[in-house]
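Order of writing sets the chain letters: A, B, C and D. Residues in each chain are counted from 1.
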Amino acid sequence: MEYSFSHVHTVRVRYSETDQMGYCYYGNYAQYFEIGRVEALRDLGISYRAMEDDGVMLPVVELLIKYLRPAYYDDELLIETFLTEITGARISFRHEIKNANNEITTTAETKLVFVDKESKRPTKAPEPLVRALSKFLKQ
Amino acid sequence: MEYSFSHVHTVRVRYSETDQMGYCYYGNYAQYFEIGRVEALRDLGISYRAMEDDGVMLPVVELLIKYLRPAYYDDELLIETFLTEITGARISFRHEIKNANNEITTTAETKLVFVDKESKRPTKAPEPLVRALSKFLKQ
Amino acid sequence: MEYSFSHVHTVRVRYSETDQMGYCYYGNYAQYFEIGRVEALRDLGISYRAMEDDGVMLPVVELLIKYLRPAYYDDELLIETFLTEITGARISFRHEIKNANNEITTTAETKLVFVDKESKRPTKAPEPLVRALSKFLKQ
Amino acid sequence: MEYSFSHVHTVRVRYSETDQMGYCYYGNYAQYFEIGRVEALRDLGISYRAMEDDGVMLPVVELLIKYLRPAYYDDELLIETFLTEITGARISFRHEIKNANNEITTTAETKLVFVDKESKRPTKAPEPLVRALSKFLKQ
């Protein structure tokens, strides 16, 4: 199923996230995308924490990041998260980060798999998520 | 019980661990002390991983760090870990980090508590650890 | 000079900040205290970023943390930052973290030194900061 | 130019790098690949630290990671780094991580750009690196 749902969340680059080039370290963006996904789900009425408590984990299986411009200490970054597809046990997101000048600094794609916490096997997307997304279904 | 056991382990400052001052970020030292403790235990024949699998966790309850000199990217740091005391459910360590010029860059003290994974209650130090330490007991 | 200024800022525990005990990793709190300090300064009209651009850095020289209760994934934590003292080149903060049940999870003290970026020598607290704090001076 | 140079380096998963799923957090692998690249360069006689001191930075512009299997706390991971190509200002690496059972846990590709520290403009690969690599040139 393809969806057109997106959500915007803001983060501020922490001092700990800078490196000696004065850039936000390239490895920290994975955290930003994770925050973006979790806040997108929250906006749909889905708590990722509750989902895990209910026995479904969501590990990332693929991550592709393009670094177009550096981000700097104390920058306020807009993270836009697009929930694009759910196919069986897989869910796909597109991510776009903009700085305060509305320049895209970073784009990314992440693919994750719903996994049963007990069996460690892939499992279907939880029903409440599919229901919450139904109105964003692409024709 | 007071002990005089110590162990030295080397780490190299990662690029991700620098900040825009060009220093190893002050928050990363907690990781170094943790690595120092785990390697000190390994040197005593105790695997922290196995201890957790056996149902005993060891969260930190107190951390005191003094930053004497900065450490820099790619520095090889010597982490010396002193296991100083076990009293009931508590274990105390002293930590000393030296750079390649043999200058002390950082000192620290950490206090941890043995906690039963199920009950989440403090519990006695595991027997194998106490036994391994017996020859380092201070008179 | 002793001051009585404090500021509250909220952070949410990130998934990346948890460890396999299910706790917020003990080393991550240093980041929270740094964020607390920076937001406290911002509330006084002082940008830490601008201060650095103007040639004054503020490395931490001492950190003391007491971990009273664990914090968990997705917890919203209140970080209260008390700016307590400026003496020569030194500035001291007290930190208190509360969870959503208004329980104190963590307390800390940090000491930092104003350092001239060029000479790498301690330097006086910047005038705008001292001025902004003047109305919070303790009698 | 295409090259066939590779280097193996070992890291041990830190407690701080685990998450509450009990996995090495997906964002930490970027650090492992960076360490792999730096150690591969060191093996060629090139110090990344010295390169930066000499005015050339090497930010990452693209990162693609495939997570095949989780890695766990205290696992010793073999990071194999393949330096595959240098084209103008660009350098490409392939990365492969194996666990102690010789299973591939993670593969990745990274693309980086040599950047002049002053002008912030792309610049040619440093001569010593090109020379050190000459014997690994693919026909």
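Convention: a contact is a pair of C-beta atoms (placed from the backbone, for glycine too) under 8 Å apart; a residue touches a chain by one contact, two chains touch by 3 or more.
As the structure is a computational prediction, the values presented were derived from the model and not from experiment.
K.L.:
When contacts are scored as defined above, which chain pair ends up with more C-beta pairs, A-D or B-D?
P.N.:
Higher contact count goes to A-D.
K.L.:
Comparing each of A-D, A-B or C-D with B-C, which pair has over half of its contact pairs in common by residue number?
P.N.:
Of the listed pairs A-D, A-B or C-D, the one copying the B-C interface is A-D.
K.L.:
So, what's the distance in Å between the C-alpha centres of subunit B and subunit A?
P.N.:
Centre-to-centre distance between subunit A and subunit B: 34 Å.
K.L.:
In whole angstrom, what separates the CA-based centres of subunit B and subunit D?
P.N.:
A distance of 29 Å separates the two centres.
K.L.:
Roughly how far is subunit A from subunit D, centre to centre by C-alpha average, rounded to an integer in Å?
P.N.:
So the centroids are 24 Å from each other.
K.L.:
List, in ascending order, every residue of subunit A touching at least 2 other chains.
P.N.:
Counting only residues that touch two or more other chains, subunit A contributes 15-16, 20-21, 27, 30-31, 34, 73.
K.L.:
So in the complex, the part of subunit A that touches subunit C is made up of which residues?
P.N.:
Contact set of subunit A toward subunit C: 14-16, 30-31, 34-35, 38, 47-49, 73-74.
K.L.:
List the residues on subunit C that touch subunit D in their complex, please.
P.N.:
Those residues of subunit C that touch subunit D are 15-16, 18-22, 25, 27, 73.
K.L.:
Where on subunit D is subunit A touching in the complex?
P.N.:
Residue positions touching the partner: 20-21, 23, 26-31, 34, 52, 57, 59-67, 70.
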